[in-house]
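I've put the structures underneath this note.
One chain, chain A, appears in both complexes that follow, with chain B as partner in the first and chain C in the second.
== the complex of A and B ==
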């Protein structure tokens, strides 16, 4: 997958799960303030991303640092690259 | 003690959304029972009919609240919206601490429970479990979800007594207002259909199995050819309010709750007992300060089981004799279980308001064992002031409400 394909899949997954508008899926969008997700949604976000990308990320410490959609994009891209390199 | 009146009603029934839809369909004598198409693969399930809520779009409930709701909570939320709208109440009253909620269901969502265990057993773990699944499974799912979506800050109660659930919810709500503890109570019940619900009755040989090809002919309360319960789904919500409050707000009053009783029947976990049912109705009448002859109509529980219809008709005859008209709405609606008390009360309020009686659908030949009471077999116009509403549950939980047409007295 290219980075753009990863980003597109992340956005699509989140739009479907959380009934978001694709137009709002801007990299700078803040997860809590702009996309209006909350702590329960973050639990579900991990579940749907794990399902979409077939990896395990729940125990990753860096996931707690995520604030924006761009952070999610970068987190997933890095994770995919790590797995590809291992 | 404060007087307690009805100022709002809401319904999601197998006919669709709204109290008007419910009443119109009942008056037309329409059956809400349909054949269930996806049960053929369930070995041992012989009942293939049910009363299912037609498709409704739940998106008027914001996702943040809807995510923890199974269908039963969605039904209840939509019915609550209707009741509040009719009562002219909004977010300010919901958040004021004087509005409570008493809404229950038979169980938490069986569908959500099934999905949980399918996933758990198939994957051997919890990693794919969503955060909100428990909130659909917990037994107080409806009451909890309603309190969130409406921003309610008053009392919260979730009675769970199967078919007596919403009758109890109404009764407890009535008592809370009567004691001055709350000004408003959103009361009722909700249930969503699952094949295992029908299965629970089928295992007991208490589900209808002989009319799978003619669903509109079942259930048949009090009828010679009755063969058991038909399970349905939906929600009925009644907004109870103190009379003082309703008068102060100058809103229409649709009826007054004047008596309630609920008793435990210790004799059997499955079979209803006429003596206990009679006691239940007798206590409700005493609570209302009425004699049996002052009741104008009895809205029976009558689910079309052999034992239940017999016990209830025997109890009615013993207490009321053979003059007071009796009908059951299960022939139209099927058994909406935890919703049946409140959903049928919505219809009963309509009867009191319109001064008519809705007959028992499918009552073609009154069974010999039930013939001693005065059945309503055809629509009637009747001067109605008072009525009693019965609900009896597996587990030996009996409940009765007495309602009066409000007269500005």
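== the complex of A and C ==
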């Protein structure tokens, strides 16, 4: 899976899960301010990303550092690369 | 043609009734809350000795009784109507999902035919020191800032002991009266546990006590249970999303109907006054 395919899948997954507009899914969009998600949504976000990418991320401390859509993209891409390397 | 201004006599009954309601009901409810807190330990021990119920069930049953008595205190000013909530119509050990218009929504759920209900709650209500001990004793589930598996395990435990789960899938009260986006938790839990979802439509509590207003107003509160949705009828990894869509559509249709009926009834009453 290329990085762009990963980004597209992340955006599609989040649009479907949170009833967002694809037009708003810009990398610089802040998840709390621009996408209007909140702490309850982070629980759902972790679950849907785990399901979409078939990996476990719920115990990872770096999830709490996520602030923008770009942060989510980079987190998932790094995780995929990590798993591919091991 | 100019619409004549309603004269003072027309306005007085509404204003007078609202004033009377707030001068009587609010002190009564606050006193009842104080008395309930004082009586709780003795009633808890009495039920502990008289039944085999576990502590969460005892607390939930007492909360239910407390809420029912609160409703009785409001009867002179609030008309309550339950639809589809009789014992033979609504079975426990399900996941109730209700729209959320007012803080009062929790009280109106005393119209349900059983009291062993655990509520899924955000973090902030646990900070209300007068309610928090009871919420903890009742086994209410804090869904914020906790891992999913903790929520899932707690819910499975409650259902296995015969309890019912109540969730407000909008997550917070609607300020517009319209249904907001639904969080997925309730529907994911239904798929994981196999418990049926029972949608509950609540109307009128936003007239009684909407967010941002400090005083109560006379109102007509209706709670309608819709046909249960069985998660076994949905398949695939996104089954919970399909269930969410079905439930939300059904609730939106029914709430629209209930709101239209109430608006027409209010218009008819006002026409009779004039």
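Following the convention adopted for this analysis, the second predicted complex is superposed on the first by the 86 of 86 C-alpha atoms of A that agree within 3 Å, B and C clash if a C-alpha of one lies under 4 Å from a C-alpha of the other, contacts with A are read in each partner's own complex, and residues count from 1 in each chain.
To be clear about the criterion, a contact is a pair of C-beta atoms (placed from the backbone, for glycine too) under 8 Å apart; a residue touches a chain by one contact, two chains touch by 3 or more.
Small disclaimer: the values here were computed from a predicted structure and weren't measured.
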>> A:44 in the overlay: touching chain B, chain C, both, or neither? Say first, second, both or neither.
In response: both
>> With both complexes overlaid on chain A, does A:56 touch chain B (first), chain C (second), both or neither?
In response: first
>> With both complexes overlaid on chain A, does A:16 touch chain B (first), chain C (second), both or neither?
In response: second
>> Does any part of chain A touch chain B in one structure and chain C in the other, and if so which residues?
In response: 18-19, 38, 40-41, 43-44, 47, 51, 58
> Which chain A residues qualify as touching chain B in the complex?
Replying inline: 18-19, 36, 38, 40-41, 43-44, 47, 50-51, 56, 58
>> Per the contact definition, I'd like the list of chain A residues that touch chain C in the complex.
In response: 16-19, 38-41, 43-44, 46-47, 51, 58
> What residues on chain B touch chain A, complex-wise?
Replying inline: 63-64, 67, 127-132
>> Using the touch definition from the top, list the residues of chain C that touch chain A in their complex.
In response: 122, 143-149, 151, 171, 181, 183-185, 188, 237-238, 241
